[in-house]
Amino acid sequence: MTKAIQTAVMGVTGYAGVELARLLLHHPRLAGKPPVFAGRVDEKDTARGGVPLTEIHPQLADNNGSGNLRLQPFSWNLLAESGVDILFLATPHEQSREWVPEALARGIRVIDLSGAWRLTNSAHRAVYAFKDEETDTAIATQSQAVYGMPELHRAEIASAKLVANPGCYATSVILAMRPLVQAGLVDLDSGIIADSKSGVSGAGKAPTAKTHYMYAADNLSAYGVFTHRHTGELIEQIGLDDNQIVFTPHLLPIPRGILSTIYVRFRTPQTHESVAAVYRDFFKASPMVRFYESSLPQIQYSVRTNYADIGFQLSPDGRRAVVVSCLDNLLKGASGQAVQNLNVMQGWGEAEGLA
Amino acid sequence: MTKAIQTAVMGVTGYAGVELARLLLHHPRLAGKPPVFAGRVDEKDTARGGVPLTEIHPQLADNNGSGNLRLQPFSWNLLAESGVDILFLATPHEQSREWVPEALARGIRVIDLSGAWRLTNSAHRAVYAFKDEETDTAIATQSQAVYGMPELHRAEIASAKLVANPGCYATSVILAMRPLVQAGLVDLDSGIIADSKSGVSGAGKAPTAKTHYMYAADNLSAYGVFTHRHTGELIEQIGLDDNQIVFTPHLLPIPRGILSTIYVRFRTPQTHESVAAVYRDFFKASPMVRFYESSLPQIQYSVRTNYADIGFQLSPDGRRAVVVSCLDNLLKGASGQAVQNLNVMQGWGEAEGLA
Amino acid sequence: MTKAIQTAVMGVTGYAGVELARLLLHHPRLAGKPPVFAGRVDEKDTARGGVPLTEIHPQLADNNGSGNLRLQPFSWNLLAESGVDILFLATPHEQSREWVPEALARGIRVIDLSGAWRLTNSAHRAVYAFKDEETDTAIATQSQAVYGMPELHRAEIASAKLVANPGCYATSVILAMRPLVQAGLVDLDSGIIADSKSGVSGAGKAPTAKTHYMYAADNLSAYGVFTHRHTGELIEQIGLDDNQIVFTPHLLPIPRGILSTIYVRFRTPQTHESVAAVYRDFFKASPMVRFYESSLPQIQYSVRTNYADIGFQLSPDGRRAVVVSCLDNLLKGASGQAVQNLNVMQGWGEAEGLA
Amino acid sequence: MTKAIQTAVMGVTGYAGVELARLLLHHPRLAGKPPVFAGRVDEKDTARGGVPLTEIHPQLADNNGSGNLRLQPFSWNLLAESGVDILFLATPHEQSREWVPEALARGIRVIDLSGAWRLTNSAHRAVYAFKDEETDTAIATQSQAVYGMPELHRAEIASAKLVANPGCYATSVILAMRPLVQAGLVDLDSGIIADSKSGVSGAGKAPTAKTHYMYAADNLSAYGVFTHRHTGELIEQIGLDDNQIVFTPHLLPIPRGILSTIYVRFRTPQTHESVAAVYRDFFKASPMVRFYESSLPQIQYSVRTNYADIGFQLSPDGRRAVVVSCLDNLLKGASGQAVQNLNVMQGWGEAEGLA
């Protein structure tokens, strides 16, 4: 039996944060070892030993003691004293740029849910305008980062010091396209069209004009056309040249869930079976992807699970396909995938704690 | 034929404001005389003559010129030069406390959609904590205010200088209860229970934790229990003593609409017909109330109309009734009722421009 | 002054039907001449002179007499005795196939909201599997049908005996694509991708597994991939060869509204202005289309209006565009467009009764 | 260690059924012993050994074998051969009336989720109009039934042969009122008002006019006023005389969750603490009830959990209280409570399999 590890979570107040807290608190391998929840607390809270988690998230309350967990004032000392082995960052990009190098220097492995370390190509990173882009530390840190999608990089994740957890939209499109592109089926000159739709939790917890109920409800809107930050992830992880994909995100009037409708042309006509075989083969060792043999997934099927669901429909002439890919943006698109990465890093069953 | 009047609107950027703009722009009696839209605009906007209304509310755009209307920098001079006869205030309470006396002094009649001047009893007003509560001006102004519910105060509204447009919840409960109480049917010692539910637009346009889509959607929550500001209006306009009503508002996961479920005991057993007769009689001259003879209204029936819908169910022993009252919080509960008041003040048909 | 005309509506019980009833009852040119509402009523209803409309649609009730309107038992005699000039059919396809020839034979002009007569190419019609496909009557009737999209066929509609009102999805895609294709901008070999999303009213009023609240809410699903009935309309009216468009409809968790995200490649690089000029020019005489110069429309802007809203975003290299097209599926996508066609047929202002 | 038991589920196709399947498939005490799913399957399905569960509920699919579970053709032989110890019935009332006596006769313990056996007073049962009401078998069966609310009847449930699982609305109101009434606080002459609101899953899976998305969405409606079937449960389990409670259910535009707002008068003035103490004491051994000391629960906090959440607000004079009670209608209001009853019947931890 492996020694119990100590986890810590920064940024537990957001939507991804609370999902992460819930998953880690119920993870069978972490039983009796709740994460350290570290964050910004004010002076009053410091005096009483931090903020009760159930004050931030009433739904975390139960009758067995999680009511005693607190958000504690962050310090590197806190992490050191708690003997933290693995640190989850559910923090803004800029904060992750600052903290990750320090955590690595202290020998703490990091799973970063932000976009800070996902992109290897500096031209793609430009969209984030990181202040430390040119520093030696940043360059060295980036070189250690592994893109945290076990279906593509299982072996590298197992030994990674820094896992860059993928974007939610990116996960839904990459899992659907990488198998077909890698198998050489797709006519890349024609380009891939990814029309994605996401629930409002993807827009974050800050109250803004766009997250107001009156804006989102009974509505649908496209945004970030030709400019969305996840485009770089799509290009790098599917294995495309720039301009070989058009990605359009939309804001759906639902709390959570992503559905991507993806359009491809094939280099040569395919049969349903020839395409299905590629998917089946690609995901044969991947417990968190469900391939739909003959129907299409819907958002409801994967919401509140860590599954990515993939199905497709072939045109009568076999030259085009519409691929539909669904997942829960807070689970397989964020915190669930982070726990999946934890499992891979620790050598545990990939789906443990994610049922 | 009466001379065309000039209206002005302050606070057009909010939800009630845009409904008011829409109604006034299409009002047959105001054809060719669009309202003056006055408000806070910054220096840049001043330079170009104000903000185009369609920039604030794209849904107001059409192909016939309303695209040229602008939100102009507010000044008393602007109102004077435009010859404004009637000023609508869809502004915060505090602003209405400040502006109404000045407007009245300048001979402009005011329809105020805020809670600033609705309450005649100073104890009830305490909930607002107005800063000018004790001033002579405020006392004099309050004495001129007429509660703007035509079904109760039609004659006074006709000649009013200041109409205090009712609260949305208050309208739904008062219209349902005043007839029964006035007719002496209700056992007031037992008290009235008003359980009201409102769509999110009632919470205003400011992005807050409570108006975030993730808070409101798939949820229901009670708030302001025993403390809501509309309680004073209920007491004063239904004609109750304090403590004779309990009012509980809830936040519904819908954009607009209010449904109030109201519980009363009768002093003596009633028949369906004896109760129905009271309602029929009370509203016989009121074109904007629809009494449901034998069924109950639902929110959908009155949303996007200026109707208040009222129906009831009697207990088998005739001693209790459940009254259901529905309306659109932005129309009969705010801007529609304001236009209804305009009609009454001008001697026009009460339902004109409200079809 | 033209003589007042008499309209009739079949199929008023559905969602398009009630919108049509509402529009016609408030149409300024039909004041005092309410439509004849004809349909199936049972024996009991016949005895009392038909079903009150407000029993079917409580929201149609007002205090000025529309409560007296009734759904009357259909018969050709009823139409003849009422002197019906124009008949609206909001009926199933099969019923329209049967009734339209008879109505035309009786000299009644028809606006048919079903898919019965929209397609000129019999191969495209095959998807409907009409029973009368081969009859002389059907062939003769089809030859008289004009596709009822005023922006494309204004002159033919003006004199048409039979107007085939377009499909809702089709309207949103055709209006967005026809201008660009007609101007020769689009690389048709690359094909057009139309990813459309519609509210649930588009699925009709019959309670089915798919229209159950629990199926549609908090969900998104693609359906009819490569097989949807509106594809033929797209091909014929945009002016494409088969296989030059892929159309994927989705079921949105909102009551009404369609947003289509449409992907095109240009034959030569374009500027924002070169594309905008094409749209501006195409719609310069079309009061019911709003072209968005520099932003993208959203579903909320056009819902409950008869406008089709169109905007686009150009890729940095000018070789691709994402066009977004929105409309209300029950108005510009059905009953509103039907009234627009009525206006054109009668020589009235195209937007009358549609404000 | 106790011998593993065999469960069976009838009626797995409905909303309560799928929740029950999900809970039982993951219950730690049933590991390796999946329930027998028995039901109506047609001839074709019989031939292939029944219907795969994942065909009925795609969301039950995973990669670990539950895909092999099937809905098998029901027969008493099937139950006998499988050695079923406990039978869950998520079936219509009439079916439960028929099957429960037979199951008991065969020595199978039953947890019945229908309303068939909940009411001890035949006058209250009249609302169901059971056909077998007068038979000896029915009378004998009823006498064995225990009302399945562990917080009230834990000991009787432990040894029960037949557990009548409570109604969803009833659970939310009884848990909130029984403590206060039992403690003698409530002025019963004034009566209790229970204003309840439920998500659409409470209305069942059959597509009807009321469960159509267009009916439920953006709407709220009261129904069953003074006549709802759960009223008898409230009277019997809270311990009231008839006419001491008015219960009004409403249909909320959300998938799941119930919030009841309950109004009581106290016989003597109370303090917040005196009321809180009653609740704390009543639920001190009840792990599935969360009492809110100083705030009010909302639907979101308990949805997708088996908790019943209870909070209250006291009027300034201490004479009235508004109690708010929330739960998930499919879990604590149906299948979760059924599993809780299973745990009590087996002597397991009451919350096992319900985290």
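Observations on the model:
Read from first to last, the chains carry the letters A, B, C and D; within each, the first residue is number 1.
Operating definition for what follows: contacts are C-beta pairs under 8 Å (C-beta built on N, C-alpha and C of every residue); 3 or more make two chains touch, one makes a residue touch a chain.
Everything numeric here is computed off the predicted structure, so don't read it as measured data.
The greater number of contacting C-beta pairs, out of the two interfaces B-C and B-D, is seen for B-D.
Taking each chain's centre as the mean of its CA atoms, B is the chain most distant from chain A.
As a whole-number value, the distance joining the C-alpha centres of chain C and chain D reads 46 Å.
Taking each chain's centre as the average of its CA atoms, chain B and chain C sit 37 Å apart. Mean C-alpha positions place chain B and chain D at a centre distance of 41 Å. Residues of chain A found to touch two or more other chains are 215, 217-218, 253-255, 298, 300. Across the complex, chain B meets chain A through its residues 15, 200-201, 205, 207-209, 211-218, 253-255. Residues of chain D touching chain A in their complex: 26, 58-59, 61-64, 218, 287-288, 290, 295, 297-298, 300-302, 304-305, 307, 351, 355. Against chain D, the residues of chain B that register as touching in their complex are 190-191, 193, 195, 197, 215, 217-223, 225-226, 243, 246, 248, 250, 252-255, 257, 259, 261, 263, 265, 296, 298-300, 303, 313-317, 320, 322, 324.
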